[in-house]
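Two complexes come next, and they have one chain in common, subunit A, joined by subunit B in the first and subunit C in the second.
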Partner chain A sequence: MLAGDTVLDLGDLHVDFDTDDGVVRAVRGVSYSIKRGQTIGVVGESGSGKSVTHLALLDLLPETATISADVMRLAGRSMLNMSAKERRSVRGNEIAMIFQDPMTALNPFLTVGTQIAEMFRLHHGLRGQRLVDATIQALADVGIPRPERRIEDYPHEFSGGMRQRVMIAMMLAGNPELLIADEPTTALDVTVQAQILDLLAGLQRDRGMSIVLITHDLGVVAGFAHRTLVMYAGRVVEEAETSALFWNPQHPYTRGLLSSIPRLDRGSQKLRQIVGAPPDLSALPQGCPFAPRCDFVEDRCREQEPLLAPRGDGHTAACVVTLPKWEGAV
Partner chain B sequence: MRDVLRFLTLRFLWLLATLWVVFTLSFVLMREVPGGPFLMEQQVDPVIQKQIEAAYDLDKTKWEQYVITLGKTVRGDLGPSFKMRDYTVNEILAEGMPRSVALGTLALLIALVLGIVAGTVSASRRGGFIDRGLMLVATIGIALPNFVIASILILVFVIQLSWLPAAGWGSLRFMILPAFCLGAPFAAYIARLTRTGMLETLTQDYVRTAHAKGLSPWRVVTGHAMKGGLLPVASFLGPAVAGILTGSLVIEKIFAIPGLGTYFVQAALNRDYTLAMGCVLFYTLLVYVMNLLVDISYTILDPRVRLD
Partner chain C sequence: MGRGGLTEAPLLAVRGLRVWFPSRPRPIRAVDGVSFDLARGETLGLVGESGCGKSTTARALVGLVPATDGSALLDGKEVLHLDEASLRRVRRRVQMVFQDPYASLNPRMTVGNIVGEPLLIHGLATGKELLLRTVELMLQVGLDPRFLNRYPHEFSGGQRQRIGIARALALGPEVLLLDEPVSALDVSIQAQVLNLLAELKAERNLAYLFIAHDLSVVRHLCERVAVMYLGRIVETGPSEQVFSDPRHPYTKALLSAVPVPDPAVEATRERILLLGDPPSPDRESVGCAFAGRCPIAIERCRVEDPAPEEHEGRMVACWQP
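Right, the complex of A and B next:
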């Protein structure tokens, strides 16, 4: 496969949840693609659909979810008409996912060695001493000291950061093309966060895999992702090269997110916030879902929901208002 | 290792204290209940009556009897049965125990296998037809007393179909019906516990992780969800063993099995002080040891739990 090949192609993905309070439209037409070796950041508040989009990709949503899409291609193969068994063979093998809280995401009843070895046995058919060796090597690769002894330990015997390393070792055991990291650093100390991101970046260099980094923290995306998607109310509202997104945000929501990053050089002035709460996805208002919270709202915003439109250089945004020039976060 | 030794020593001392308390309570209660082992409807010659009582130390004061009996018990001698002539209590226990233990073990096995399978299937088919059907049967199983289940099963399998013997003791064929009746209510309860436990673990993050690894649904349930889902069942095993023991008093009577339960009931009715005491102490020991095993099994099931 050539460098620059598309690993994942997603077109018009919709996810609805059937609940007692009606249908919740969690994802409403998400399209994007990732090239081999690329890192994409997906940013948004809780409930913006960023996790659901990727759980849908792995077919990990509960039965109450209805998934539909025009395109869902993994390295050129469509996943849309795969059987449940074929979808399973993709999981862990071609697409792997790591989760926010490694304490709850690892099985507390099994040793980490058992949990990692399970991947090598399942996806590479390893047995016996080769299986043990591979498991120890996997722990060593993610920077866990004395791995030959730690394979006997249980998750609760590791620190938070070490636990996330175990999780990464486990999920990379299948040698995936694409790693989806769902808030991998949110549950960790700030100092440990940087170590985990460094580790992911290093592993990506060595293996040439693609990464989707889901986070609510634009700061995490800044030094890490080539491109960044901003999601709001189940849609992508802006997509651009990460630097372009920071220097020239074209959607009021992105601007709001950038302004709400705490900054040390701004003294103790009050932190800016986006007023209001995300909309109820089971009863979306007409027009732009961000309109009720938007500083630049116009009458036409409440009539029709704007679609993603190109802004040059592969930068797209879903906003019809002519925004003032961005002067940086103030 | 030192922790384990300390734990076991402590538990052993507790066992001795428990046995002593049970011994004392039983001793007092049995002797306070009206009647005695040698009171007959027909008047016996007072001289003979005196001789009998003297032979069994019953002419001494209650305190003297207590000390003598306790002393013998500590040395492992439970004395002669007051009613079953020519037998010591030790001999009767040794004869009845294997039968009761075999019956109880089979009943527990049936309860565990049926309960865990039904509960797991139920949980993974939550809300469906199979789930509802199984839980209906489980509720009936919990509600019906085992002697009612026994009567129904005897009607069907013995009288209608003639597949199994109605009563008695011998081969495994004799054990099937009583063990099933004894285990059924516990199977039902274990099924409900398993279902609840499995439903809780099936929504855990680590089960989602197991799916994300690409494991088959079967491997996810057996390899990842089951250990956590069965913890409530493990903690129920202690009470279950105690329940199966008391249940076997009734079941042994219904199916005419010459086990400990039958001897126990007779001993209580006949005021056979020594035999009743032997049975009480033996049951205490059994329940205690089972609870100890449950505690130890907990540390094997859940690595976060330590013995102390």
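Right, the complex of A and C next:
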């Protein structure tokens, strides 16, 4: 594989937070990579480390965070030994991130036109009429009607879905190789969610951009991501092609998740539930962190934490138990 | 409204409910003529997108917002437009569970006091009796009664929602209005609470008005479903029918937008992408509220508002169902 084919390469990323209650080990050795033009879904519950992993990539964590990694390569360049300034420039050009709530990322006192124009000035040095044209075109590209008028409007004059489009337009101004979308549709209604996912898929296709989609919604990744990572307690516990992950899940947590969500295309059935709650990341149990909630737990699970191991066809799972054949989420 | 076949009078019969909020230049018509029946022991899902009026409907039924117009009969007795004393009597029979288990519990009260407070306020138990009934309620919702003296912040989101449910059950209500009770919870916890709600309903023959934007959850839990759009119900019927063969174009679009956690299904299903956002609820009521976004709207839809009519066992408000 050519080095240029891999947009992001992460190896053994750790993030610790210093808190009054001790050290919270939010990310505990995450490794994965994304190829150009690929869409990766990252699923997990609150506190699984899915957001922190990616905030660490963008240096967006507070000072209480300690970040370490063996590998952190973006578009072929290692970011580990760069100065803060170099890192900022690489990030600014190669990687962009959108969030669940676009309102917190937009300046309420500036028109959206001003905010998008700023990105074109920074990244491309545009001025005058060319800057105005680029700004209007950017809004048109993300499906905002009457863009020549909407550039005059302030963020609060846009609906939630339209604000997310504005954020996407801002992020695209830098022509990033990689877009990290952290729960981009969680605050939106389903019909608007469908519009935004459709827009992202189109951008990914047309620009060959890579996308990391962070979500708690397995339905969203099923229709959107080429590959899917499942995170639990700061680690990746399973990674596979999305279809393989859904058809043949190899980690008890993934199986539990798939069995515990009601499906629109199925009638009423009793939901299998995962007992208990995720562990406290400042006081992790010995062994597998999922063991206390696992239906298949064995003695050895409580002794040593299993590592991700290959299951064929690029499918990996961090579980040492021989699981019964998966009969589907019934 | 068509519940065909059933002879028993509904436990709760809502007719023409309107909740308008004063605003300039025009009032906000949050709920604009909602009618439905809820039978004893039945679960009715009330679905729709943000701002469609589903939460306001529930809030009006327990007097948390004043109803502008309409009636709601509980066993034949009016529950809207009541004074505080009469409202209190209604609340013994109709209780509400809120979405946010963080915001709806007083952080300075112990769990025991939160769960037992309704009994105290209504003068139904004191002293040892109160303690005993509180412990009983906690056990029923799967909370360890040893945690009686702990505070809400010491509990996880799922446990806090159990506390909210225990409090709602304290007065032995017949109807629970559940406003997005699982949408703030993680998936693995959501299933625990949904299963608890199903068990409680079976044990106590409770009627639920289950408000949710997550249609998969509604299909799972509810026998009947009512779909709201901009303050109106556009389609009502048995869940099985509405979900497998929706008749209103909004219901069709809404269902097609819900992601299904199965790549094979996702790859083949057709998505109806609606244009734009729902219109503002302060609009003048001319024509069908959905006409502006409807893929099949005809001229008539823009000038004449369709009333709900019966179509194959469900009610649909559309000129071309």
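Observations, loosely collected:
Definition applied: the second predicted complex is superposed on the first by the 318 of 330 C-alpha atoms of A that agree within 3 Å, B and C clash if a C-alpha of one lies under 4 Å from a C-alpha of the other, contacts with A are read in each partner's own complex, and residues count from 1 in each chain.
Just so we're on the same page, contacts are C-beta pairs under 8 Å (C-beta built on N, C-alpha and C of every residue); 3 or more make two chains touch, one makes a residue touch a chain.
Treat the numbers as computed from the prediction; the structure is a model and nothing was measured.
Aligning the two structures on subunit A places subunit B and subunit C next to each other without any clash. When the shared chain is aligned, subunit C comes close enough to touch A:G223, but subunit B does not. Using the contact criterion defined above for the overlaid structures, shared-chain residue A:S46 touches subunit C, although it does not reach subunit B.
Of the two partner chains placed by the overlay, only subunit C lies in contact with A:T242; subunit B stays clear of it. In the superposition on chain A, contact of A:D265 is made with subunit C only, not with subunit B. Comparing subunit B with subunit C, more residues of subunit A are touched by C. After superposing the two complexes on chain A, the closest approach between C-alpha atoms of subunit B and subunit C comes to 12 Å.
Of all residues in subunit A, those touching subunit C in their complex are 45-46, 145, 159, 161-162, 189-195, 198, 216-220, 222-223, 242-243, 246-247, 256-258, 260-275, 277-278, 293, 329. Contact residues of subunit C toward subunit A in the complex are 49-50, 156, 158, 186-192, 194-195, 198, 213, 215-217, 219-221, 239-240, 243, 253-267, 271, 273-274, 276-277.
Within the complex formed with subunit B, the residues of subunit A that make contact are 58, 60, 88-93, 96-97, 99, 101, 104-111, 118-119, 122-123, 154, 156, 167, 170-171, 174. Within the complex formed with subunit A, the residues of subunit B that make contact are 204-206, 208-216, 223-224, 227-228, 301-304.
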